[in-house]
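So that you can tell them apart, the chains are marked A, B, C and D in the order they are listed, and the count of residues begins at 1 in each.
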Amino acid sequence: MDTVSFRPERDQYRYTFGGAEPVMRVRPGTVLDLWSEDAFNHALTSVTDVASQKLDFRYLNPQTGPFYVEGAEPGDTLALHIVDLTPARSWGASAAIPFFGGLTGTDRTALLQEALPEATWIYDVDTLAGTVGFQSRFGDFEVALPLAPMLGTVGVAPAGGEVRSSLVPERFGGNMDTPEMRVGTTTYLGVNVEGALFSIGDGHYRQGEGESCGTAVEGAMNSRILVELIKGGAPLWPRIESDEHWMVVGSSRPMEDSWRIAQVEMIGWLGELFGLHTMDAYQLLSQISESPIANVVDPNYSVLVKVRKSLLPKADAFGGIHRALRESARSAH
Amino acid sequence: MDTVSFRPERDQYRYTFGGAEPVMRVRPGTVLDLWSEDAFNHALTSVTDVASQKLDFRYLNPQTGPFYVEGAEPGDTLALHIVDLTPARSWGASAAIPFFGGLTGTDRTALLQEALPEATWIYDVDTLAGTVGFQSRFGDFEVALPLAPMLGTVGVAPAGGEVRSSLVPERFGGNMDTPEMRVGTTTYLGVNVEGALFSIGDGHYRQGEGESCGTAVEGAMNSRILVELIKGGAPLWPRIESDEHWMVVGSSRPMEDSWRIAQVEMIGWLGELFGLHTMDAYQLLSQISESPIANVVDPNYSVLVKVRKSLLPKADAFGGIHRALRESARSAH
Amino acid sequence: MDTVSFRPERDQYRYTFGGAEPVMRVRPGTVLDLWSEDAFNHALTSVTDVASQKLDFRYLNPQTGPFYVEGAEPGDTLALHIVDLTPARSWGASAAIPFFGGLTGTDRTALLQEALPEATWIYDVDTLAGTVGFQSRFGDFEVALPLAPMLGTVGVAPAGGEVRSSLVPERFGGNMDTPEMRVGTTTYLGVNVEGALFSIGDGHYRQGEGESCGTAVEGAMNSRILVELIKGGAPLWPRIESDEHWMVVGSSRPMEDSWRIAQVEMIGWLGELFGLHTMDAYQLLSQISESPIANVVDPNYSVLVKVRKSLLPKADAFGGIHRALRESARSAH
Amino acid sequence: MDTVSFRPERDQYRYTFGGAEPVMRVRPGTVLDLWSEDAFNHALTSVTDVASQKLDFRYLNPQTGPFYVEGAEPGDTLALHIVDLTPARSWGASAAIPFFGGLTGTDRTALLQEALPEATWIYDVDTLAGTVGFQSRFGDFEVALPLAPMLGTVGVAPAGGEVRSSLVPERFGGNMDTPEMRVGTTTYLGVNVEGALFSIGDGHYRQGEGESCGTAVEGAMNSRILVELIKGGAPLWPRIESDEHWMVVGSSRPMEDSWRIAQVEMIGWLGELFGLHTMDAYQLLSQISESPIANVVDPNYSVLVKVRKSLLPKADAFGGIHRALRESARSAH
């Protein structure tokens, strides 16, 4: 296995899916060791840094990439297996940003009320204990929460020549902000352009489902990613596989449409895996679906539909590539 | 502890929250042994029974109750602890009903397309194995799924003199259709009228999150419920407590509003429990929220916001009544 | 033609559709002269009266009625023709109410921001000039706007034994808050219970489309209503006919569903009137629909779909009853 | 006044906002005579052409442009005055496209139902009578409807380096599909990139509000557009001015958010024009807003908020440029 390391210089950060030249060409089978800057572009480093003064809203969610995957053509399936995620700093940051987040008016849910108070929270990482420390800003409450690293953003170049902000989750993946994007998972994304042009970023040391205030415990991240390519078979929407679950991520508005997208894609997937008629898959999924919300704060809201593998007969998705990647990951770790 | 059994005659079934005379007066502290008919009103008993021919849409989700709780006044909090749920039949039923469900046009999402094919699925209950058996209707796939009994419907009479169909989830609880409404949980509902007038029904032997096709594995249920009353303290929206979680259920449309409701109520609850400022509770919840969807098929969509107790310091909600009810439940079991 | 006058005493005001005994029985063909209190229940009478101090939120949108229409049975169509609407006071009131309205967080779109500033506006009615006077509260801008009386609320008792707040627009009509509910129109409502049990209220001296802040120029109203009954033919959703337009009102959430409801109902209506296939009616409506928003502030949002009669061949809806009522109205005026 | 004519060759059609080199540089004050292909790219020319066989979904809504406006910088306001719109063919086409439109499941409102029947309608243009002729496809109904030419699509390059499909309406204008985009109006768009890079297309010979089935009477169009530039003053969302109305177009999902966006922008505009406090503008708009729906079929839904000028004192928006453009248009006509 080739292993390639890449840490972008600041002027190499990218803020879109599509519209950027690849930083590197990689062969399927390559292990990538990547460093990514935090979603705030390192602008919030203490509790006295507030978003409206420090953030440059043109430069959020800096992406590491895009990478050109050799042989990837439209209609193929890119498989990205997360071998490892390790915080690259000893602290993470989160912030209440004016008119951004799930419980405030926004540029879309346009209202006349005043903004919420601004504040920044700094979480210390305790690697030994495996925790991040929450410290209240308006009181004296403290609690250590389990470290649970994940990537907010994993995506390829969109179809149709579109270029989208790295804040957007869509068919091409992107800023899905799901805690399920963790070590041990394989993400399947349909390839839209030659080379796929994928990038990653937006490391979270921990995030709740919904990402209520709009920001997780944001932090620079070291990611080890195993890249594979499946010829053909492109899913319509991002799929994720872990040892325990098959998952689909739908991203749209209103949120019921995100859920519908993920359900319909999963019904198709169950049909493929088990030879089920659509109506049978619909019925079965009605009784076994798990459906955690991912984000209710981005330009599209993301919802997952998950199926627990242990409930169903053994089946291999995408030719059993997840299991193979798990094996490879063990040797790559 | 008083124990009272009640099995309604068919003419005692109720199809609304509010608008019905109580079937019985109960004292706080009473254990109720209740039998409830299935959501289809026993109209679907074989795979050849299809919804459009057999269902009487005026008579769905028959309720057992309402019960008048002595001493309950508007502003009080009704606590209902589920001691036990046992399938009352050896089979459950599920159905695809024309223009009802999450992945079809409905009376609300009014479209011009033809209805999906109708079908009924019968699930055999294997008590020994603890399973319900799925059998495909359009193929030959079979799988045994774990039995996971829950109540789709738990509610009190609404405020403002309203009377609502037993298909509706709202502030008063009702048809929330969440798999979290299971044995070992305590549900807290704000009391709107003298006596609270609560009822239960819509037993599910198993349900996925979202209840995609609109119906779970529907079945008659024997429920043992421990009734308690807390003077004052009425929550705005239904809260549920288990040994592991604090939970809130929001129900509205579009689905992001259901989530917002549950988030804001939970932020208030965290504030009460830990003396947190709203902005600190908002931040903390952003990192610890679990947020499974309950239903995307009822007149309001229901979403849960859950907080895992083990992440936070010990705290007693509603004076620690859940723990006390758990104790009582053990002796009542 | 019988003419009957009715002005309710305060203790006769009703705050729900359904759930109330009729105040009177009327025969089809009766002209009703009705007085209705304003939506605030006369609690805001000067700019110093603010909503949070003066309003009793249990007692808003007081209804005049319900009236029992002799011979009306479920499945029939109630036709209510508005012969005249005259302001019953020399001033109207409007208010910004905390957490109510279209451009603020609400109990449904639950957010954490502070409420907007409270304020009350009083509009003087100039009968001679036919205007209501807007006076700014935070500056010195004044403008006289044309008087344009309408009824916010026209409804019958709901189906299924439900009782709904008079703030709710739904299939049964109710608080639709459309400026189209004006003199010269005939409203068609499906009858759900014996006697139909209709009521009216929520007079507006003027209202914009959307009713942005949640309140129009609210005022007590004298309404002359001609009551007719059509056996059978109940529309699924409220229809309105004027000399110029056929209209349907859809009410749900999110707002696209309100529009879909009104579109599908109108496609059915065009099919009835002109013998059109559904796909042809869909296509034709795509090119001729007018679609003003009614309200984006009530528990359901209301949207109209209108078809201009002059675009299409002559056709008689409901047996041409609108034209007949127009004739009768002239003599009743 | 310079007058410049431009008719793109097929290989010059553009299918995005942003991401394309300008076809031409124009000075402010220029009159452009433009020809644009129909939204179907001339693929549907008879009723036997059906969408699924003839349309290439990568190449819809071909744009004429983009034009580089000399001197235009980010933060400026582009003013486009429509001097004339004349059908460039003697027929227009409309179609029911599988899984596209407002009354069917779509790629977003993902459902399991079968697609609606496909069909294409051809409308003959009668220039003398000023009509387009509807002919039913599933019956023998015919009706001549008034010709009412408009542009579905008017937009500039997006901000943030994004490139969006020409099917998308957004802040940058784009595929708003409003019948208000007609002769005599001035559209104001905020400039995001040097040169603004605007384009137009998607001519409609007639369209109803909502564009229910997803397509209007689509036709190639000759457009005479007067281009002006205002330094600074960029509105957040597209504004339109006619002799009778000030208008704002909001585009998002769900549809209530489109309305909120347009309301908030209009409240700001009224504040600018009349020195009104936000709360006074909110109140005033509540009583005078007109709010027709534009489209409920595109990736974002578009809603207008309109204010009738005659209701308010005289005021000049953007320095009275609309009136000046009307004058120029008369001489350019």
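We take it that a residue touches a chain if its C-beta (ideal position, glycine included) is under 8 Å from a C-beta of that chain, and two chains touch if they have at least 3 such contacts.
From a predicted model like this one, the values you see are computed outputs, not experimental measurements.
Student: Which one of the chains is farthest from subunit C, going by Cα centres?
Tutor: A
Student: Of the pairs A-C and A-D, which shows more C-beta pairs in contact?
Tutor: The greater number of contacts lies at A-D.
Student: So how far apart, in whole Å, are subunit A and subunit B when each is placed at the average of its C-alpha atoms?
Tutor: 32
Student: Per the centroid of Cα atoms for each chain, what is the distance between subunit A and subunit C, given in Å?
Tutor: Each chain's C-alpha centroid was found; their separation is 47 Å.
Student: Using Cα averages as centroids, what's the distance between subunit A and subunit D in whole Å?
Tutor: 35
Student: Touching at least two other chains at once: which residues of subunit C meet that condition?
Tutor: 103, 109-112, 116, 253-254, 260, 263-264, 267, 279, 282 - these are the residues of subunit C that touch more than one other chain.
Student: Considering the complex alone, what residue numbers of subunit B touch subunit D?
Tutor: 103-105, 109-116, 254
Student: Can you name the residues of subunit B that touch subunit A in the complex?
Tutor: For subunit B paired with subunit A, touching residues are 94, 96, 102-103, 116-117, 119, 121, 132, 134, 136-139, 141, 143, 145-146, 206-217, 253-256, 259-260, 263-264, 267, 274-277, 279-280, 282-293, 296, 301, 303, 305, 311-313.
Student: Quick check on the complex: what are the subunit D residues that touch subunit A?
Tutor: Residue list for subunit D touching subunit A: 15-16, 18-19, 58, 107-112, 160-165, 250, 252-254, 257, 260-261, 263-265, 267, 278-279, 282.
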